[in-house]
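In the two assemblies presented below, chain A is common to both, partnered first by chain B and then by chain C.
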Partner chain A sequence: MLSNLGNILLFSKVLLSLTIIYFSYQCIKSSREIIFKKIYQISLLQSTLVLGCFFTLIAAYVVSDFSLINVYQNSHTAKPLFYKISGTWGNHEGSLLLWIIILTLFSFLFLIYNNNHPKNYRLYTLIIQNILILGFLFFILFNSNPFLSLSPIPKEGLGLNPILQDPALAIHPPLLYLGFVGSSIYFSAAIASLITNYSEKSFAFSIKNWVLISWGFQTLGILVGSIWAYYELGWGGFWFWDPVENASLLPWFAMTALLHSLLVLEKRNLLYFWVIVLCLITFTLSVTGTFLVRSGILNSVHTFASDPSRGIYILSFLSVMIFGSLFLLLNKYRKENKLIYSNSKETFVLINNWFMMFYLLTVLVGTLYPIFTDVLTNNKISVGPPFYNTVILPVVVIFLFFMAIGPKAKWVKNRFDNLGYFALLLFLALVVNFSIIYFFKSSTILSNLVIISSLFLILSSFFDLVNSILKSRFDLARTISHISFGFLVLFIGLNHNFSIEKDFNMKVGEVKSFDNYEIQLQNLELKTYNNYKAIIGNLKIKNILLKEERTLNPEIRIYDNPETLTYEAAIKTNLIKDYYLTMSNIDRSEFYNIKFQKKPLMIWIWISVAMLVFGGFLRIFKNAKIN
Partner chain B sequence: MKNNLFFLIFVIFFTSLSAQEKSMEKNKIFKNLRCLVCQGQSISDSNSDFAQTVKLVVNDLIEEGKTEEEIYSFMAEKYGDWIIYKPQLNRQNFMLWFLPYAFLIGGGLIIFYLIRKKREKT
Partner chain C sequence: MQKLIKSIITIIFIFIIMIFYISLGKDNSYDTVNLVGKKLDSIEIQSFNNEKFVNTKSFKDNSFTLINFWASWCGPCRAEHPILMNLKESKSLILVGVNFKDKKKNAKNFLEDLGNPYGILLKDESGKKSINFGIYGIPESILLNKELVIIEKFVGPLVEEDYEKILEEIGEK
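Moving on, here comes the complex of A and B:
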């Protein structure tokens, strides 16, 4: 029954989108200056239906309706309710429904929140957005329908991958989708702007907050994903330059470039076409990422063959998007005849964009290159963390210096009368850096440079912050975001440099010591839970120098449905450091492999990213006030 | 004073470098090798039997006095290039290493050109 209801809702959504496109077109042709009331009403109905559709699927998961193939494949009656619900978007089909929700809601919100912009611009945005919605609806209906039914109805489902049975699954995908699916709205707006020749300042104004919103959620989504990877995957890192991670980072670079160049468009009416290009590539990259992840092309070229229809559909959709927008762009392109002085804020924004494009293209090349070598030479290569660190890190150093100096430059024409000030900052950064190095006694040239440049940015932003409090007219949102980014790089640098990693093979009762630590495997405990069994290790870690003792309990879990073995790390977090411990059995013997890590300042990495986002949201509130 | 500062930087760089290099070397190699039986983990990060075996092999190779590069070549010959995370610079991977820097330089030139052209018009 739920299957029928879901399908009916999906079909009516197709009809509603078509109706909206039809009425919008009528409205554009009509001479009236306002948008037909029924367009608002249908949009509202459309948003309501899409939520109804989603709740239908959630309901199917909650009552474990295995007449739906999707529920059968991804759920199980013995699973806790919370994971039944979050499992709804933990699979390909369900997550596509989340895509549609965000496409639809953003389309509706953009329509009602942009009253003061021209009618045709808003209507074309609505039309393009509904074409995108239709594209994804057809994909769902013909290829990835979560409401397909199954008969005879199985008694029990196959269960959800244990790694996904985590609170993070409930929030990580929705946050990321708000980010990169949210970017669809300025993709549509950019095309509408090209069609209606609605350009310059007012265009920048209409999409500014949407860019900030999607950027903020994208950043939060990446943050939650990193934290999840940190505690779940059990190797103590939070970023692995994995292709799927890269796919979420690519639109982030484009968004970051976009929200900076929008400033130039808003203040100086410059870079209009570049802003359009960025709007277009942000969403294009989001769809590309989805294509790469969903088609399975990234993990191995061979799984592409096992489900070619999925990949081919997204690929054709993507090509239409790219060629369509490219054609329109070339058609409308005209030269800008305004001046950029080499020493001005505009130049610094361009420099920001230059670096963002460098990061973006580097990550893109690194992600795609293995596919090319595999296809062309039949040789599989890996492009992993050491590659990205080698190529990107040295450039980040230069980038941070620009990031500190840039905001100080004035619009149009600037003179640097504050070189002495920067020299002083640099000197302070050097002093702090060398005291850190002296204190911890471990470093390389590159890590010194990273620390120095991030300190330079922090100090420079810090004095801005002091200034802004004194004069109460400085740009607080920007200062917070920039200082947080400086801290982020600093903490990652310090964390990377001063982490300690040791591993031992030990039996119950054994004690091992290293540096000024002593570690003892006291005992093992076997516990049975609702849907898994766990072997829980009881380990004592003693810091001899500080006379401090901690107990950590890493686990080895055996899940029932589907039967899987997972390792749960034990983490003790405080403001200065994390202890991170994992345990695994060696060949079913009495020996256990214990891996101990001390990770300094871990929590500050998360806090820095949260503050970075806070800066972005602060800007939205400020914008709202001005309007 | 300036000279003293440079001297200080110099000393700190090199004392710290030599002290640390040996202990870091092994871990750096582990981090650069993929655990072939895991999902996106390096040898250093993995608990698997495969990782344990590779660690022992690498230890032996270091004992034999093999350099880092020789160890990678050995591993690549045995398991294919897939096992190395940092692709070696050769004909096949030339574009991978070259393109990012080409973008960096190209982007810089575009900005330079943009600004210069605008200046000439004034």
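Moving on, here comes the complex of A and C:
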């Protein structure tokens, strides 16, 4: 029954998209200056239907309706309700439905919130967005339909991969999708702007909040994914340069560049075509990422059961998008004649964009290189952290200096009358850095430079904050985001420099000591839960110097459906450090492999990213207030 | 000039899409089990005790060779060690140990504590050489015949059944 309902809703959605495109086209041709009321109504109906469609699938998961292949393959009656629901988007077909929801809702919201912009611009945006929706709807209907039925109906489902049964992972996909699928709206708007020659600064106004929204959610999505990797994957890292993580980072770089260059378009009516290029590549990179993940070309923790036919469909869709927008862009492109002085805020924004493009290209090359070598030379290689760290880290140092100086520059033509001020900041940063080294014995030149440059940015943003409070001329959003980014790099640097990692093979009762620590495997406990059994280690960690004792309980879990072994890290977090402990069994021996890590300031890395996003959202509220 | 730039941009995109298309048809699941039945490449790898390099071609002198990848830090390697010690007794089999991403001192202690089953001991400090053998984790073992063809691969620690299997393959059962 739910299968039929779902399919009917999907087909009606196709019809509604076609209707919207038809009426929008009629409305463009008509001489009336306002948009037909029925277009709003159909858009609203379309959004309602797509939500209905999604709730139908959720309902099928909640009641464990195994007459749907999708539910049978990804759920199980013994699964907790929360994971039954999150299982809806924890698989390829269900997550595509989430794609459609975001495409549709953004389309509707863009239509109703931009009523002070030209009619044709809004309608073309609506048409392009609905073409995107249709593309994905056909993909769902003909290739990845979550409502396909199964007969005879199985009594039990196959279950959801246990490592995906995690609260962080339940919200990770929706957040990330709001980010990169959300970028579709300014892809559509950019094309509409090219078609209707709507190139003034008011175009920047129409998309800037959408860029901020998608950027904010993209950042949050990446953050939650990192937190999940840190807690769940069990080796204590939070960023792996996994190709799929990179796929989420690529649009993020483009979005970050875009939200800065939009400032120039908005204030100076410059860089219009560059803004358009960034709008187009953000969503194109999002679809490319989806292609890489869903086609199975890249192997990673995110790869769904791969199927080449999916790849061909997305690739065809991607090609149409790329060549369509490229054709339009190249035809409409004309040189801008206005001058940008090399010493001006505009230049600093451009510098930000060059850096972003540099990071983007580095990560893109690193991600695609293995695919290219495999095809061209038949060599299977992988590009790992050493590549990214070597290429990106030194550049971050320079970037942070510019990030501190840039906001101080004036529009049009700048004069540096504050060199003394920057010298003082640099001096302060050096003092703090050397005290860190003196007390904690830091290491390489590069790590010193990273700390100095991030401190420089933090101090500069901090004084900005104080200054703007005194003059009550606030740019709180920018200051918070910049200071958070400085802190993020600083904490990552300190965390990297002062982490301790030790590995032991231990028997129950054994004690090992190292540095100031003593670690004892006291005993093991076996517990049975609803859908898994757990061997829980009871380990005591003693810091001899601080006379501090902690008990940590890492687990080895044996899940029933599907039968899988997972290792759960035990993590004790406080404001200064994390203790991170994992335990794994060694076959046919009484030894357990214990990995102990001390990771300083871990929680501050998460807090910095959260603050970075907070800055972004603050800007949205401020913009809304002005409007 | 502008036309040229436009053409270059378009060609780059066509090239990328083509590569994507071709890679769709490629089997990219990395599974070293496929290596069984293939001849081992000629690989130079450093000796454990001195700076000399040993070429895998030299394994031709043995009737059968079992290359075992291990490290002192690896728990499962400890677990499979008694089996390797038993295999040492076999007449037609030479054991080659490749010490993987390890500290020399720890590796030496490991062999002193548990015994040294290896006729030839090599090291791969960076772990890069082992990739050429199709290794992606340790312990792993590869059984070669005289022609250097891989006749069996064992991913993970060797267990009793593997021991029986190896004896069967080398005709000592």
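Everything below uses one rule, namely that the second predicted complex is superposed on the first by the 619 of 627 C-alpha atoms of A that agree within 3 Å, B and C clash if a C-alpha of one lies under 4 Å from a C-alpha of the other, contacts with A are read in each partner's own complex, and residues count from 1 in each chain.
Assume contacts are C-beta pairs under 8 Å (C-beta built on N, C-alpha and C of every residue); 3 or more make two chains touch, one makes a residue touch a chain.
Just so it is clear, the model here is predicted, and its values are computed rather than measured.
*Asks:* Return fit or clash for chain B versus chain C, each positioned on chain A through the superposition.
*Replies:* clash
*Asks:* Looking at the overlay, does A:438 come into contact with chain B only (first), chain C only (second), both, or neither?
*Replies:* First partner only, chain B.
*Asks:* I'd like to know which partner A:322 touches here: chain B for first, chain C for second, both or neither.
*Replies:* It touches chain C, and chain B stays clear.
*Asks:* I'd like to know which partner A:365 touches here: chain B for first, chain C for second, both or neither.
*Replies:* First partner only.
*Asks:* On chain A, which partner touches more residues: chain B or chain C?
*Replies:* The partner with more contacted residues on chain A is B.
*Asks:* Which holds for A:394: it touches chain B only (first), chain C only (second), both, or neither?
*Replies:* neither
*Asks:* Determine, under the contact definition given at the top, whether A:297 touches first (chain B), second (chain C), both, or neither.
*Replies:* A:297 sits against chain C, while chain B stays out of touch.
*Asks:* In the overlaid three-chain picture, which partner chain does A:375 touch, first (chain B) or second (chain C), both, or neither?
*Replies:* After superposition on chain A, A:375 lies in contact with chain C alone.
*Asks:* One more residue to check, A:311. First (chain B), second (chain C), both or neither?
*Replies:* second
*Asks:* One more residue to check, A:591. First (chain B), second (chain C), both or neither?
*Replies:* A:591: touches chain C, not chain B.
*Asks:* For chain B, which of the listed stretches 1-9, 19-27 or 55-63 runs into chain C?
*Replies:* It is 55-63; the other listed stretches have no clashes.
*Asks:* From the superposed pair, tell me which chain A residues show up as contacts to chain B and also as contacts to chain C.
*Replies:* Shared contact residues on chain A (touching chain B in one complex, chain C in the other): 380, 584, 586-587, 593.
*Asks:* Could you please specify the touching residues of chain C with respect to chain A in the complex?
*Replies:* Touching chain A from chain C are residues 6, 9-10, 13, 16-17, 19-26, 28-30, 73, 75-76, 78-79, 156-157, 159.
*Asks:* Flag every residue of chain A that touches chain B in the complex, lowest number first.
*Replies:* By the definition above, chain A touches chain B via 233-237, 240, 242, 337-342, 347, 350-351, 354, 357-358, 361-362, 365-366, 369, 373, 377, 379-387, 390-391, 395, 430, 434, 437-438, 441-445, 448, 501, 567, 582, 584, 586-587, 593, 595.
*Asks:* Can you list the residues on chain A that touch chain C in the complex?
*Replies:* The contact residues of chain A facing chain C are 291, 295-297, 299, 308, 311-312, 315, 318-319, 322-323, 326, 330, 368, 371-372, 374-376, 380, 503, 505, 584, 586-589, 591, 593.
*Asks:* Per the contact definition, I'd like the list of chain B residues that touch chain A in the complex.
*Replies:* 5, 8-9, 12-13, 16-17, 19-20, 27, 31-32, 34, 40-42, 44-47, 49, 52, 80-87, 92-93, 95-97, 99-101, 103-104, 107-108, 110-111, 114-116, 118-119, 121-122
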